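As structure tokens, here come the structures.
Each of the next two complexes has subunit A plus one more chain, namely subunit B in the first and subunit C in the second.
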Partner chain A sequence: MSQLDDLKTAIKSRLGDLECVIGWEQGYDPLHATPLFIRSEADLDRLIIGPLAVHNLATYLTGWKGKKVGVVVKGCDSKSVIELLNEKLINRDDVVIFGLCCDGVVSQRKIRAALPADPGFVESVEIGADSLKVTVAGQAATLRLDDVRADKCRVCDTPDALVSDFLIGKAHTPAPAPSLKCQDEFEAKSDAEKFAFWQETMGRCIRCYACRNACPMCVCRDYCIATSRDPLWVSQENLPSENMMFQMIHVSHLAGRCTECGECERACPVDIPLMLLRRYMNKQVRDVFQHEAGKALDQTPPLLTFKVEEERINERGW
Partner chain B sequence: MRIGVFICHCGSNIAGTVDCPSVAATALTYPDVVFSTDTMYACSEPGQDAIIQAVKDKNLDGVVVASCTPRMHEQTFRRAVERAGLNRYMFEMANIREHVSWIGKTKDLNTGKAAELVRMAVEKLRRNRPLMAKRFETTKRVLVIGGGVAGIQAALDCADGGQEVVLVEREQSIGGKMAKLDKTFPTVDCSSCVLGPKMVDIAQHPNITLYTCAEVESVGGYVGNFQVTVRRKATHVDWTKCTGCGLCVEKCPSRKHPDPFNENLCNAPSINIPFPQAIPKKAAINASSCLMLTKGKCGLCAKVCPVKCIDFEQKDELVNVDVGAIVVATGYDLFDWHKYPQYGEGRYKDVITSLQYERLLSASGPTGGHIKRPSDGKEPKNVVFIQCVGSRDKSVNRPYCSGFCCMYTAKQAILTKDHIPDSQSYVFYMDIRSPGKLYDEFVRRAMEEYGAQYVRGRVAMIYPKGDKLVVRGADTLAGTQVEVPADLVVLAVGAESAKGAVQLGEKLRVAPDQYGFFVESHPKLKPVETNTAGVFLAGACQGPKDIPASVGQGSAAASKVLGLLSKAMLESDPAVSRVNPARCVGCGKCIQTCPFGAIKEIQDRFGNPKAEVIDTVCQGCGICTVTCPQGAIQLEHFTDNQILAEVNALCPPKMFANFE
Partner chain C sequence: MPAQDVRELRIVGFLCNWCSYGGADTAGVGRFTQPTDLRIIRVPCSGRIDPLFIVRALMNGADGVLVSGCHPRDCHYAEGNFYARRRLEMLKRFLPITGIDERRFEYTWVSASEGQRWQHVVTEFTRRIHELGPAPSFNPKSDVDWNALAVQASQGQGCPCHGSIQA
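Moving on to the complex of A and B:
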């Protein structure tokens, strides 16, 4: 049986006692997937998995708090689930986790860049072992999967779900790249270059808050401090400085909590490379607190504790 | 709003490098400022009167004083503003002395900076609102944790002051370290003779309830109203019946475990009364070595006990006590000298600690007060004392001076000569630290009248030679190496925080420093207070201390407690955190980070989880406010908006710059 069939069988076995199971289905065209809320066995037919199933469905879990739901997660998504559990934002008893052993997902942005023109509506997609055949307006283009893989998959060391009630697929031996070229290149820039870079990119930001809404760890929703007049941390002016301030708030609220699922960057309609900030902050947290969010159950994020002395911060300097 | 600004000259302290009249003139241009002046000494009586007069004449509803640090005079001005009829929180202070005039030399730069600090204060004040303190009743009872000399003193003083006292001691008897000492410096009077009467007073005082063999299990509540649970550990002896006759101690056949009261120099019976003057003088069974409790046979004590008070079935008992204040007097423990390779790491029996030596000197000790060395029981002739073992040594993470070792070493050298007139003492030391009444004279007496040889230098190694130990060290004054053949080596081990102090601190929400000693509120001006209101410190738990200092601090803590509980009602500081339930999403992050346990989860009427601050427990530290991602929890008087207003006063955002 294929991985998808196994998954369907597993979901079928639990669907009865669940409000719904969150998975993926095909979206408006064969290239784009969209979340699927499975409430009956009939819905199961529309379920898909694979490199196009990009969304981190853990984002929906806090919205279902108090109800019993199932969720299908890739390795990276499972880290978000762990983090939500660790922060007691969801109850383990209320969630049935269908974990996948994931072969990696694509970046729509890279596909768009690799195709000769903006695809618009895609007629068909054929997924091969290491290639992707995309047909647009009768014209087929074959892309190498490796070229259009999401950045996070290149450095992924957790392809298989870390927490699950059902683990589906064959386990991987991950071989992550030590670092991402885009990150290294950015961090090598001078402060002036970085400033100019953000000045330009944050000028594009339209403050649609898609990055926030897609983030599984952003749980304040309607009470987000970025849209609050009291306290007034950020004005509604669409200036690079105010937009950057919002991103800085987002990053610092995620310090020690961000699982690098990349949803913020994926959701951004104006292609702002937000993960540059997230990865940098995560590196600081790793260095100072030796903490990686979502890697293990029963960890407390370092900034959600009170310690008089931090082991790795020498405050008094003997 | 109508704000008045007062720029203080502080004599020439501020006016020397700040153009005060010009700052006052600039302040008049700030929003809502209707009155601004400079004054020679704002804190003086005429200065305060001028503020009060201005509030009345100009109909002000807020006051800014630009002067020294708020730590000096915030209270003064708050009271002045209150006398003028305003709420005390409608006042802001700009520090233009410590932050400006004392640190900058250029007058126009200083003047500019002072004006900006005043602007920040004005912007903050524009967002202040009157705050009212809440009042609440207190429980008139005190918990003293630790029955050493500091705790004993604190308990007696509180009890004499008319308060009920509950004294909790971990060991079987009160007395602490002092009870183990033979004599005390600088008067060489018998330790148990001076401590004994105080211990008896504890037992007999009508206001004192004593729990020994007991530990604090949990602490809840807040200043004036703590709820404490005390665990009374099973002694397997019914203390309501035990008369302390000692028959069971005599007959106990199991005598194989080391005696902690005698610093493990000898063994103790499994049912024991630690020393003759023990308070309470009751026997207790050591469950780990008692034959009946470990192997199920013996029970000799139960047979011989004339009042039948032995109870092998006894269990730990939890006692709940409500108290209004807590005195922590948990003392210290000795540094574990086995970490030092140069002193033999425990291979040589005749290398002992200073406290073990005290037991050898003591008439109630294992040798009946005759100095006999542990290896062969011979009387030592050459005794070498090594100071600073686990003190002033960064390599073992003990950079601090333990303070009392110089003095007790001198005392032990004197006592050695008294006990063995033909003996010779050598003291290896780094510096002699003997500041205190009659202290330095005492050390000189040890050197001059008792002939103790003081060698300034560290010891490199101790090695056995025949039945002696050779101590090799440096004599830095002579610039040579010395070797001293010793019959006995006494290590002046330093003090470290008591075992379990950090864990107790967590329960009490009192922070330990990096060495485990409890941190006082202010090193000079609040030496017995902690940052948790209603919890006070006495004795060596706050840092190494000798007996006079510990007793002094015990009394000081008691006076703080009596002062606190003498008030019928307490006022809570209104500058505490407050939750905006409409914004709170109930994530509980604030509850996790609050170091004082001042936030609890409640449910609103729809059953949603929300955070709620317990006013009286909150210390206003603000950690919750920076933790809350949505700004739902705000520290009154330091809200995000007030602080942002100050920041914006310094670096105005473009929008304000464009539209104002």
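Moving on to the complex of A and C:
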């Protein structure tokens, strides 16, 4: 049986006890997936998995707190689930986790860049072992999956779900690249270049909060300080400094908690490479606290605790 | 840096009530000469300081931000400065990616009896900020700059990996 059939069988066996199971279905065209809330066996026919199922469905879990739900997760999404469990934001008994062994997902942005023109409505997509055949307006284009793979998949060391009630698919031996070229190149730039870069990108930001809303670890909902009037952390003015302030709020509230699922960057409508900030912060957390969010159950986020003697923080001498 | 021969810069200081604010007071009572660029904000504990206070100050045009609290193990509330140490260290390490010079922010520990040390900290930090000069602003200053920004934004310079398929 295929991985999808196994998954359907597993979901069918538990659907009776659950309010719903969250998975993916085809979106407005064959190239785009959209989250699917499975409430009955009839809905199961629409379920899809594979490289187009990009969304991190753990984002929905806090919204369903107190109800019994199932969720389909890839390896990276399972880290978000673990982090939510560690912070007691969801209850393990209320969640049934259908873990996938994931072969990586695509980046819609890279597909768009690889196609000759803006695709608009895509007629059909055929997914091969290592290629993707996209048909737009009668014209077929074949893309190599390796070329359009999401950045996070290139450095992924957890393709298989780390926590699950059902683990579906064949386990992988991950071979992650040590780092991303775009990250290394950006970090090597001078302060002035980096400053100018953020000035330009934050000038583009329309503060739609898509990055926040897509983030599985952003759980404050209506109490987010970025949208509160009192205290007024971020003014309504559309200035690069205010947009940057909002991003700094997001990054600092995710310090030691971000699982690098990449949803913020994927959700951004104006292509701001937000993961540059997230990866850098995570690197600092790894250096100082040897902590990786979502890698293991029963860990405390490093900023919610302390040591009297910090091994890796030098006391500031004057 | 006396005010009369150089233009003053804007330095914001977040000081804990129990140690560093007392230390600054001790320095004042002892009539130690200090630069006048620092504006002090008194907070109950260094653990009260959200790193975003510092970011907000820098975004609103501060040229430097100094945070000072009780020495570790000496916190009036027993453990506030242990949490503060972790948060402030993460902010300090994070600033380089934003292009803001991390030397514009510093945190340190000064006790209420260390008037001399406070004088040293303020003088050194103010000297450092004067060497760095006024902080650049994220916001364009003139209409011409705003237009340039709008053009740049519409073209989308983007991350090196965006737009090309090779990461």
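Methods note: the second predicted complex is superposed on the first by the 309 of 318 C-alpha atoms of A that agree within 3 Å, B and C clash if a C-alpha of one lies under 4 Å from a C-alpha of the other, contacts with A are read in each partner's own complex, and residues count from 1 in each chain.
Rule of thumb we're sticking to: a contact is a pair of C-beta atoms (placed from the backbone, for glycine too) under 8 Å apart; a residue touches a chain by one contact, two chains touch by 3 or more.
Since the model is a prediction, treat every value here as computed from it, not as a measurement.
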Are subunit B and subunit C a fit on subunit A, or do they clash, once the structures share the same frame?
clash
For A:308 in the superposed arrangement: first (subunit B), second (subunit C), both or neither?
both
Of the two partner chains, subunit B (first) and subunit C (second), which one does A:192 touch, if any: first, second, both, or neither?
second
Is A:251 contacted by the first partner subunit B, the second partner subunit C, both or neither?
second
In the superposed model, does subunit B or subunit C contact more residues of subunit A?
C
Tell me the contact category for A:286 with respect to subunit B and subunit C: first, second, both or neither.
neither
Touch check for A:133: first (subunit B), second (subunit C), both, or neither?
neither
Once chain A of both complexes is superposed, is A:228 in touch with subunit B (first), subunit C (second), both, or neither?
first
Contacts for A:87 in the overlay, against subunit B (first) and subunit C (second): which applies, first, second, both or neither?
first
After lining up the shared chain so the two structures overlap, which partner does A:39 touch, if you call subunit B first and subunit C second: first, second, both or neither?
neither
Touching A:276 in the superposition: subunit B (first), subunit C (second), both, neither?
second
Contacts on subunit A seen with subunit B and repeated with subunit C across the two complexes
233, 239, 241, 303, 306, 308, 316, 318
Where on subunit A does subunit B make contact in their complex?
87-89, 219-221, 223-225, 228, 230-233, 235, 237, 239, 241, 253, 300, 303-306, 308-309, 316, 318
Subunit B contacts subunit A in the complex at 394, 397, 399, 511-512, 514, 583-585, 587-589, 592-595, 623, 627, 629-632, 634, 639-641, 644, 653-655
Footprint of subunit A on subunit C - complex, ascending
51-52, 55-56, 59-60, 72-73, 79, 82-83, 85-87, 89-91, 93-94, 96-101, 106-109, 117, 120-121, 124, 136-140, 149-150, 152-153, 156-167
For the subunit A and subunit C complex, residues of the former touching the latter:
109-110, 113-114, 147-148, 151, 154, 180-182, 185-187, 191-204, 233, 239-242, 244-245, 248-249, 251-252, 255-256, 270-271, 273, 276-277, 280-281, 284-285, 287-289, 302-303, 306-308, 310, 313, 315-316, 318
